[in-house]
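Each chain gets a letter, A, B, C, D and E, in the order it is written, and its residues are counted from 1.
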Amino acid sequence: MLKIDIKRAMLTSEGKTNLEVTAEIQDNELLCLFGHSGAGKTTLLRILAGLTKPDKGRIVFNDTVWFDSEKKINISPQQRNVGYMFQDYALFPNMTVEKNISFAQKEKDKDEVNKLMELFDLDALKNQHPAKLSGGQKQRVALARALASKPNVLLLDEPLSALDFDMRLALQHEIRKAHELLNTVTCLVSHDLQEVFHLASSVILIKNGTVINQGKPADVFSGKQDFYPKQAY
Amino acid sequence: MLKIDIKRAMLTSEGKTNLEVTAEIQDNELLCLFGHSGAGKTTLLRILAGLTKPDKGRIVFNDTVWFDSEKKINISPQQRNVGYMFQDYALFPNMTVEKNISFAQKEKDKDEVNKLMELFDLDALKNQHPAKLSGGQKQRVALARALASKPNVLLLDEPLSALDFDMRLALQHEIRKAHELLNTVTCLVSHDLQEVFHLASSVILIKNGTVINQGKPADVFSGKQDFYPKQAY
Amino acid sequence: QKVNVAAAANLRYVLEEIKTAYLKQNPKAKVNLTFGASGTLVQQIQNGASFDFFMAADNEFPLKLKEKGLTTEPMSTYAFGKLAIYSTTLDVSKQGLDVLKSSAIKKIAIANPETAPYGERAVQLLKSQKLYESLKSKIVLGENISQTAQFAFTGNAEIGFVALSLALAPDMAGKGDYYIVPQSMYQPIEQACILIKTQVLNTEAAKFKKFVLSPNSKAIWEKWGYGLASGK
Amino acid sequence: MDQDFINTLLLTGKLAGWTTIILFIIGFPVAYLLAYKRFPLKPVFEALISMPLVLPPTVLGFYMLVAYSPQNAFGRFLEQHFNTRLAFSFQGVLIASVLFSLPFMIQPLQNGLTSIPKSFRETAYTLGKSEFTTFIRVLIPNMIPSIITAAAMTFAHCIGEFGVVIMVGGNMPGETRVASIAIYDEVQAMNYQAANQYSFILFIISLLILTLIYSINGKKKIFF
Amino acid sequence: MDQDFINTLLLTGKLAGWTTIILFIIGFPVAYLLAYKRFPLKPVFEALISMPLVLPPTVLGFYMLVAYSPQNAFGRFLEQHFNTRLAFSFQGVLIASVLFSLPFMIQPLQNGLTSIPKSFRETAYTLGKSEFTTFIRVLIPNMIPSIITAAAMTFAHCIGEFGVVIMVGGNMPGETRVASIAIYDEVQAMNYQAANQYSFILFIISLLILTLIYSINGKKKIFF
């Protein structure tokens, strides 16, 4: 279980605000972060990963305190064992597709890497360097890499936004499978309602740094037509 | 009118192929490029912008020959007056949001810049540098910049993929308006069927480098359920 | 045991020849010659450079070392140097010191008077001839006497105040003209040498010193234009 | 502090300043060519530019001295047509210093240019900006640390220049007697106190300038 | 080519090689600290490291000479406990050379490190990689051009070193008589042929090494 209760100053397009999030994510839960551009979704993931320090609050994963502003605890990203997929991928330019993925593994397992590359339709590109990949190909490598590290907590920042519909569906399936297989807590940012309904067991709606609703997807979106989306599909 | 007839070697996830596109885009037409990840959409836009050189063929815009492999003509990106929005934005890190946009203008026009920033909900961020923007904010700056140059040909590579649904709708509207106002030829890459139907006057379906269908959106997608999308919304 | 000799720059050619002669007699000996301005060498020895034997261009620099207690055995004068002016473009052998008044002269090379006795004598000479003030702006300083000779040799300076022994070097003599400044016009350049105190007594150094002072090398000194102390 | 001492410092600054200015003008276009253009024999060309890095200053000094000599074509030409002699003159040392510091300017600039992502240039080109405008408005502002490194290394390297100056300079006060030479001289003459004074002042000045540069530079991050 | 000549070249290579190796070991951690860590007085620390860039080699040489002297604490300590005297010895020159070349190693490495996007490090950390692993596997491979520049500049700068060597090392054959000194000496002896021979050989060796480096470097792009 991941318990979050944090606060952090943030500059948004509405001016200065605070990102304030309180949430409890159960083991095995797949949480979707949903919200406007600049609402603070990426910032929250970075805070969970240990890359950005909240101004105040606590983060506890199972029995481990990851962050506590009062006790001045802030354990490093390495110790958190998260799999973080960046919104801009951050693939290592010096490594091929295959190396990027195998680098993430804690124990080398070539079969696993091959399986991932097959699942993500990257086999033919295994010896390519990132500079020579298309946008969607980069995104798939980044996702495969985040999964390869077998994390306790999986943080995915718009993992499928650059993919076509087919691929998107297929990979939604893979994310769900990985989530179940690894028995992780997963937090995923998405702008795609279909995706949210397909994947999420719960949703957090963020607006301007503040959580305005959280719960099961159906509950959250039913009462909130005024917030999001203005127009359904 | 933009006449395209080009060929270029490409490595895709299916192995080596050629990107082969023949198309005529009328003035005032808004063309959508639609296709799998790695199909060659970005490559086609780069070729139109003059950033990648085709192996063979011709590109003619109105009466100007942009590229002709036989006559060895290849005019520079500067002379083509295109507005190209990169899939990874390529914002200038040294310039603020406002400067990024005004830099694109051929004639300085502060009002125009302010209007663009307002439209794209960037006013509060006008003095921010790109490193401090969220993914969606970056995308909006990149789009605003491409429009600010008042191009003859507008090339947009997944311009709205990182945006939430509201914003997406609003900006679809803006793209359409800009397209009509500037009287441009617009080529847009999108993975979103709704978007294609909403915006495009014609569609090109690319698979593995080859155009497999082109025409009005309704015509293209009606007969092609086997290709795309497997599952409708 | 090898002998590290610190030798004033004016000895460049002479000492090479003496070394050859010495090695002919002592085929197993090893002699390393390092040339520099006398003052530079004194500075290096004071700071711990491992030289065994110092041959200066005057008798004051060895004295400095002696006062610091860095030497063994008394200092010995081995030769008297002669000052010459050298030029590749002007007819110095005919005009003598009058050449210094020539308007064709843009630069005059002199060794740094602080560290090179030959330079010091040259400045002394110019001062006593009341030429120093008028020529001052034309003077370029060589780090030691052989760099000075080289400035004149390359023609970058029309005139160089050099050691006669350097002017006699085949390259120099072949390319230009020299004039020996009358020895009465400057304080004699009495060149002395001294053994440096080393941790292990270097007997080879003493042997080499003896050879330098011996009649065996007399002809070589004279050939290179040095005067010899009467007693030796 | 006496007048000589101040003059020597001023001369040193003048030499370093001029060298840096001249190399700025030469350096940018050359670095640009090396970073972005392909042409035959480019590695050889690059190697030639880097030569002064590897060549002892005395080698360069030696060749300059030979070239400047009125006995040789170049020196004679200057003497006859311009009535100048470069040996033992400020100009002569300046030319040698420019040649000698060339790679200290070019290398950091070239490195800075190559590490700017290609898409920045490409974007500017599609926006109709010329290579020159792109260079001024997009490339230069994104390589400030490299420019500072280039300028600092060049200026610094000139202040430290010794080998070339001792070979072609002739130790003329006000012309070629720069600080490094002056210190050498004082040490050789065992005027340790004077040497100390020079060294100490140079040390303090350098430390102040550099601390200032790094304080400013530290505030700006590479990508602002 | 005679034995002296070969010995001189070998000695030069030995000095430059050892300096580069020692500075590699020192350089990476220091550059890492300077690039990524914040600590008080960092600009002063950076300035101190860059000092040898600005200080004339003769200043450094002078201070080394003073430090090495058995009349002072450090020199006396060495003399009493190790029975070594550093002035005018190879070790003494090596120490001076390491100090003197420090910024030529640090600056390019630090520049290379700062220009690697932060997200690469962040990604590696979230993947559980230690700072050390990240450094070896992610940072180093993405800054190859900077590493080559650092090594080339350092090695090259040592080969060209003259001022420090002549002050700290003098001109002792086999100990401190490196190529730059030898050339200086030969020029003074007006053995222009020998000077030319040294210069030419150094020129050719340098040109070859550098052309090789640039050919390899040219093939690899910064981001492969």
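Observations, loosely collected:
Operating definition for what follows: contacts are C-beta pairs under 8 Å (C-beta built on N, C-alpha and C of every residue); 3 or more make two chains touch, one makes a residue touch a chain.
Which chain is which protein? Per UniProt: A, B = ABC transporter related protein; D, E = Molybdenum transport system permease.
Values in this document were obtained by computation on a predicted structure and should not be read as measured data.
Both subunit A and subunit E are touched by no common chain. Of all chain pairs, the one linked by the largest number of contacting C-beta pairs is D-E. Chain centres here are Cα means. That of subunit C falls 37 Å from that of subunit D. Subunit A and subunit D have centres, each the mean of its CA atoms, that are 51 Å apart.
Subunit B and subunit C have Cα centroids separated by 81 Å.
Shared interface positions of subunit E, defined as residues touching 2 or more other chains, are 65, 187.
In subunit C, no residue touches at least two other chains.
Residue positions of subunit B with contacts to 2 or more other chains are 88.
Those chain pairs judged to touch are A-B, A-E, B-D, C-D, C-E, D-E. Touching subunit D in their complex are the following residues of subunit E: 42-44, 46-48, 50-59, 61-63, 65-66, 103, 107-108, 111-112, 114-115, 145-146, 149, 152-153, 155-157, 159-163, 166-167, 178-181, 183-184, 187, 192, 195, 198-199, 202-203, 206-207, 209-211, 213-215, 218, 221-222. Only residues 37, 39-40, 42-43, 46, 88, 106-107, 109, 112, 114-115, 139-143, 151, 154-157 of subunit C touch subunit D when the two sit together in their complex. Of all residues in subunit D, only 65-66, 68-71, 75, 85, 87-88, 166, 170-172, 185, 187-190 touch subunit C in the complex they form.
On subunit A, the positions that touch subunit B within their shared complex are 11-15, 34-38, 41-43, 87-88, 121-125, 128, 132-137, 139-140, 157-158, 161-169, 191, 193-194, 228-231, 233.
Looking at the complex, you find that subunit B touches subunit D at residues 49-51, 76-78, 80-84, 86, 88, 90, 92-95, 103-104, 106, 129, 131, 145, 149.
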